[in-house]
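Consider the two complexes below, in which chain A is the common component and chain B and chain C are the respective partners.
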Partner chain A sequence: MDRIFYPKSIVVVGVSESPKNLGRNIVENLLRFGFQGELNLVGKDGSELHGKPIYRSIDDVPGVPDLAVLLIPAKAILSCLEDCGRKGIQRAVVESGGFSEYSDDAENLERDIRQVAAKYGLRFVGPNCISVMNLDNGLVLPFVLMEPEITRKGGVSLISQSGGVLVNSVNLFSCENLGFSKFVSIGNKLNLDENDFLEYLDGDENTRIIGMYLESISNGRRLVSLAQKIRKPVVVLKSNRFPASNEVAKFHTAALAQDDRVCNAAFKQAGIHRVDTLADMITYTKVFRMPLPQGPNLGVIGRSGGQNVISADAVTSRGFQMLPFSDATLESARKRSRAGVIRMTNPLDLGDIFDLDFYVDVLESVLRDSRMHGVLLQHGYGGPEERETTYKMIESVKELSFRYQKPVILTIITSREDWFELRNASDFPVFPEAGPALEALAAALRHYRRIEGMARDN
Partner chain B sequence: MSKAKDIIEFALKEGRKVLSEWEAKQVLADYGIPVTREFLVKDEKELSSAAEGIGYPLVLKGCSPEVAHKTEQQLVWVDVRNEGEAVDAFQNIMNKMNGTASGVLVQELIKGRRELVAGLTRDAQFGPCVMFGLGGIFTEILDDVSFRLAPLNQGDALEMMREIRGRKILDSVRGMEAADREALAQLLINLGRIGLEEPSVNEIDINPLILSGAKPVAVDALISLAD
Partner chain C sequence: MDRIFYPKSIVVVGVSESPKNLGRNIVENLLRFGFQGELNLVGKDGSELHGKPIYRSIDDVPGVPDLAVLLIPAKAILSCLEDCGRKGIQRAVVESGGFSEYSDDAENLERDIRQVAAKYGLRFVGPNCISVMNLDNGLVLPFVLMEPEITRKGGVSLISQSGGVLVNSVNLFSCENLGFSKFVSIGNKLNLDENDFLEYLDGDENTRIIGMYLESISNGRRLVSLAQKIRKPVVVLKSNRFPASNEVAKFHTAALAQDDRVCNAAFKQAGIHRVDTLADMITYTKVFRMPLPQGPNLGVIGRSGGQNVISADAVTSRGFQMLPFSDATLESARKRSRAGVIRMTNPLDLGDIFDLDFYVDVLESVLRDSRMHGVLLQHGYGGPEERETTYKMIESVKELSFRYQKPVILTIITSREDWFELRNASDFPVFPEAGPALEALAAALRHYRRIEGMARDN
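So, the complex of A and B:
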């Protein structure tokens, strides 16, 4: 797998000078993201690109590249893989479409491709995939142009059965200022499937959270037994749940229908966190970047009384509870209250206090309380006056959350202008509202308990 | 070879895809699953000694691998209270089955108002899966069931019971005892074992699984075999 994610040399097959050529985009991406390995190009018309020669055949490429990236018509794939195998290339990415997702006749072709791969011990990603992105070394292989400015390195890696969902995720991650390490789209998974990548990412030191988008499951038993041993959070969006959407999926990535209830049960037994939407995938990812909650007791602090009531419902309905605050916490709140109209309850309404430093003081006092396992802190502002103080508060919240090793779900609603700026100000997650975040926090608590159980069993 | 394996092998040799209720129950019993006390009888003499062994009231059922929906075909006589009724029922069933019956199943009448379902299915991806939920007519109406992959541990089995919407049916309600959850858990674990140890068993349906007091008893059971 290291030869797929960290190749020292690659060859891109299907490149030409033509501005319409998609293979060019792969080369462009590699240059944009600063891939330092050796880059070779192959295209049937020859010529050169970015000062590099385009060889007419794989045989002409000097040396034996670690990885071949193929973007040529489906009918040419078989002989191209044969060429790769003969040359001694052992890893490939087949980005081309036109296989079983497109036509039932492709089954023979797929079988032949499997046989050639087996003959040479060649392992490949795809076909029909947007392929691999690794921000650690700039190995960015999609045939659509990607923007380095919108990507940030981080601890999340994603395995996707759809290239479109993968590209969408790059943008969603960017909107939330979430960093990632490796994204891989697995397409029709003829040779390497989600389990192979899951196993690899479990051992990858740059990956702390594993996300998956699946339309079909290649080997359910292996998925379950792998996931059961993984301590990193595994969050899976498994679509293709109903017969109606199954038709689309078959066309899309040759997915087969499975009983969704069995899938739910299997995920539960495997400790996999299942989500239904990409928004939830992002929310879970954000929550899992924080320390895990070690129990169900949450302190709720907020600027709006109304939001506190909504938060209280969200807390209770997800199985968390609000213990009364300690005397120390209440004393610190009382001292700073201006009109003295704060009701000393959990949730704590800080509506008459505008000094955000004070929010941080109360937060710290709650986090210091050993009975409390986390905090829900709700804030809202409109104008630029509070922009800087809010950014400063986010940094303080981050520092406290990690110092006390307790999650702080920070919800902030702000102006249209500040919405994304706010998220760029820090890599600490900010949520629009409590409900979905608490759903994810409940998963994080289950995760904590599972990991604890594993530690006990060993 | 175990009794369960003998029964399955025998049926496969006959080219059958299903076991009769009598056979299915013996397979289940071999795996420690509690089933109704019952005998398969072929004539009135055997009927009388079976009735004596079990004691009235009884249930009499036509028994044949070809007959899956016995109730719909009026091959089930419930609450048979004496020898006269038993002979009537026996003759009636034998006539209706018209020689296709391997006999009449004479079984104890399990009294209990709570009907559950338990079963085994094979998922193309995840392999043998155990099912648990509300039984009798509610299985189809409410569709209130949960699944776990085999093998199950006790935690999995207990979680299945907590997962159904009608979970309170297992509590102490309306003067009925709380269900013996450990016995139910063991039953589900054992169903999973059949899935792993008997590759020829395709599906199992125990419906109804009746709570007799606190204890679950398999009252009717279907087992289908793989090709």
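So, the complex of A and C:
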């Protein structure tokens, strides 16, 4: 699998000089993201691109590339894979569409392709996918242009049965200052499927969180048995839940319908966290970047009394509890606050106090309390006056969360001028509101307990 | 009630020259938002502010102001209201805290205040609130500074039992380019309560949608009987659902616990739309700005196949249906598309087509189909190439939605560079994803059916 994500040399098949040629985008992406491996180009019309020769045939490519990337008409794929196999190329990415997602007649073609691959021991991604990205080495193979400023490097890896969802994820993750390690769009998964990549990413040291978008499950039994052994959080968005959805999924990735209740049960058994939307996927990813909660006791601190009431509902409805604060916390809060201004309850209303250092002090005293497993800290500001102190506070919250190894759900509501800026201020996650973050925190608590169970069983 | 929202003259009590004085913020807000009425200031230390005299007593104020705004210590409120009443002032806003939300001993004080108000026929908002804003005339009375660039004018009015939630709403609404007509933060609602304002806003021609944040319901029977007669959408976020929440709600606005199931039943009976989060409140508000759906049949058009599958789940799970497209729609789509590139299913995958005019054509042919009650149109782009065509498309979508009087849920995923910009491109709502918008659309369909029922009954 390293030959797919870390190839020393690749060949892109289906490249031409034409401005309309999609293969050019693959080459452009590799240049933009600084891929350092050897790059060979193949296209039936020959010529050259970016000073590199376009060979007319795979046979003409010098040496044996680790990976072939194919973006040619579906009917040409079979002979191209035959060429690859004969040359000794053992890994390929088939980006082309036009297979069983498009026509029922493609079944024979797909069978033949499988046979050729088996004959040469050739493993491939796709077909019908925008393929693979590895931001660790700049291997960016989609046929749509990707933007390096938006596509950031980080600890999340994604397996997606849809290219569009993957592209949307890039935009959405970038809005949250989240980064990726690897992506793979698996398309019709004729050869390599989600399980193969799940297994690989579990062993990949740059991947800390695994996200999946699936329209069908290739081998539920293997998925469950794999996932049960994985300690990294696995978050899955599985669509295609209804007959009406299956009509379109079939045409999209040739995905068949599966009983949604069976999926749910399998995910639960496997310790996989299921979400319904990309937004939830992102919220889960943000929560899983923090230390896991080791229990249900949360301190809630907020600057708006109303927000505290809403949060108390959100905390309680997700099974978390708000123990009264310890005497030590109350004492430290009293010392710093003007006498009698705040009520020493959990949730704690800091509405009258404008000193953000004080918030951090209270936060630390709650985190220091061994009975407490995490904190929900809710902040909000409008004008630019509190911008810098807020950015500083985010850094302090991050430091404390990791020092005490307890999660701090930090929500900040501000104006659009600062909305994304404050998400740039740190790689510590900032949430717009408590509810969805607490939903994810409940998943993180389940995750902690499962991991603890694994430790005990060993 | 017009004397509260459209006073010809007001007096702000509790103003001083001191930079720490919160009353100054009220004056500053009135200047920032261009309030044109007569403005009088009262403060025990006298002097002047912005060239206006600060009278030492209400008695010294010339004439009889329509509205008194009080921000003085709780213990001074009683005699101040007495002064107001004696002078003939009949409307007041009591922003001061320190009442039953703060101390059980405040009961006597509150009783006395009620008696004074009753004696003079004086009606008041609060206490313990950041009070009233009317963006139609610049009457902006909160004691926190509000930003005119953020606080936009529009068709939503909010009644909130929390000042902080109101301030957060201003920021969140501004991010969505949503505007307000009126706000009122009702605090401990000793005299005027949510029902009084609900009744007023129902008759207010600048208010098209009414939002409420409540921690307690003052008079459920009156709320239900009022709301049942209201045709405008009423969206309520009612918190304080659990005993753990009530601890903090009591200290926040002296709100008592109420059975949450009873609340749910009452809201349902009244045709009030209940939401759990501010984010949902905003989504509902955006959907209610469009024409109401008159039935459950939706056309789904998207540029990502995966997104279409997720959307098909979201549509189906909210009770909507995806009828096959009509021959007319298919014919018009075929004419414009390259032969055989797209599959003519509902959902329709436009992934291979980069011409946004084509999306608009297909949209129009679906809206023209009398069997169809609305459309979900999902778009996404990354780089700047499609920025201008996307902005133009939003305007076309708006025009078609209103021309055919059918809602179009338009989702757009893009990079952070364009995220807020595209929300400025038009006052037509843009959503980040389909799920929550469809949840709100289901509420809009219930709303349509209720309004239809009212029409039949009359």
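Structural remarks
In this text, the second predicted complex is superposed on the first by the 456 of 458 C-alpha atoms of A that agree within 3 Å, B and C clash if a C-alpha of one lies under 4 Å from a C-alpha of the other, contacts with A are read in each partner's own complex, and residues count from 1 in each chain.
In this section, a residue touches a chain if its C-beta (ideal position, glycine included) is under 8 Å from a C-beta of that chain, and two chains touch if they have at least 3 such contacts.
Note that the structure is a prediction, hence the values are computed from the model and not measured.
Residue contacts after overlaying the shared chain place A:Ala265 against chain B, while chain C stays out of touching range. In the superposition on chain A, contact of A:Gln161 is made with chain C only, not with chain B.
Of the two partner chains placed by superposition, only chain C is touched by A:Phe420; chain B is not. In the superposed model, A:Glu147 makes contact with chain C only, not with chain B.
In the superposed model, A:Gly319 makes contact with neither chain B nor chain C. When both complexes are overlaid on chain A, the residue A:Asn219 reaches chain B alone and has no touch with chain C. Of the two partners chain B and chain C, more residues of chain A are touched by C. Taken together, the two structures place no residue of chain A in contact with chain B in one case and with chain C in the other. Those residues of chain C lying in contact with chain A across their complex are 145-147, 150, 160-165, 167-168, 170-172, 174-175, 213, 215, 237, 239-242, 244-245, 247-249, 251-253, 255, 276-279, 303-310, 312-317, 321-322, 343, 345, 347, 349, 351, 380, 382-383, 413-416, 419-420, 432-433, 435. Residues of chain B touching chain A in their complex: 121, 123-127, 129, 145-149, 156, 159.
Residue ranges of chain A in contact with chain B, taken from their complex: 217, 219-221, 224, 256, 258-259, 261-266, 268-269.
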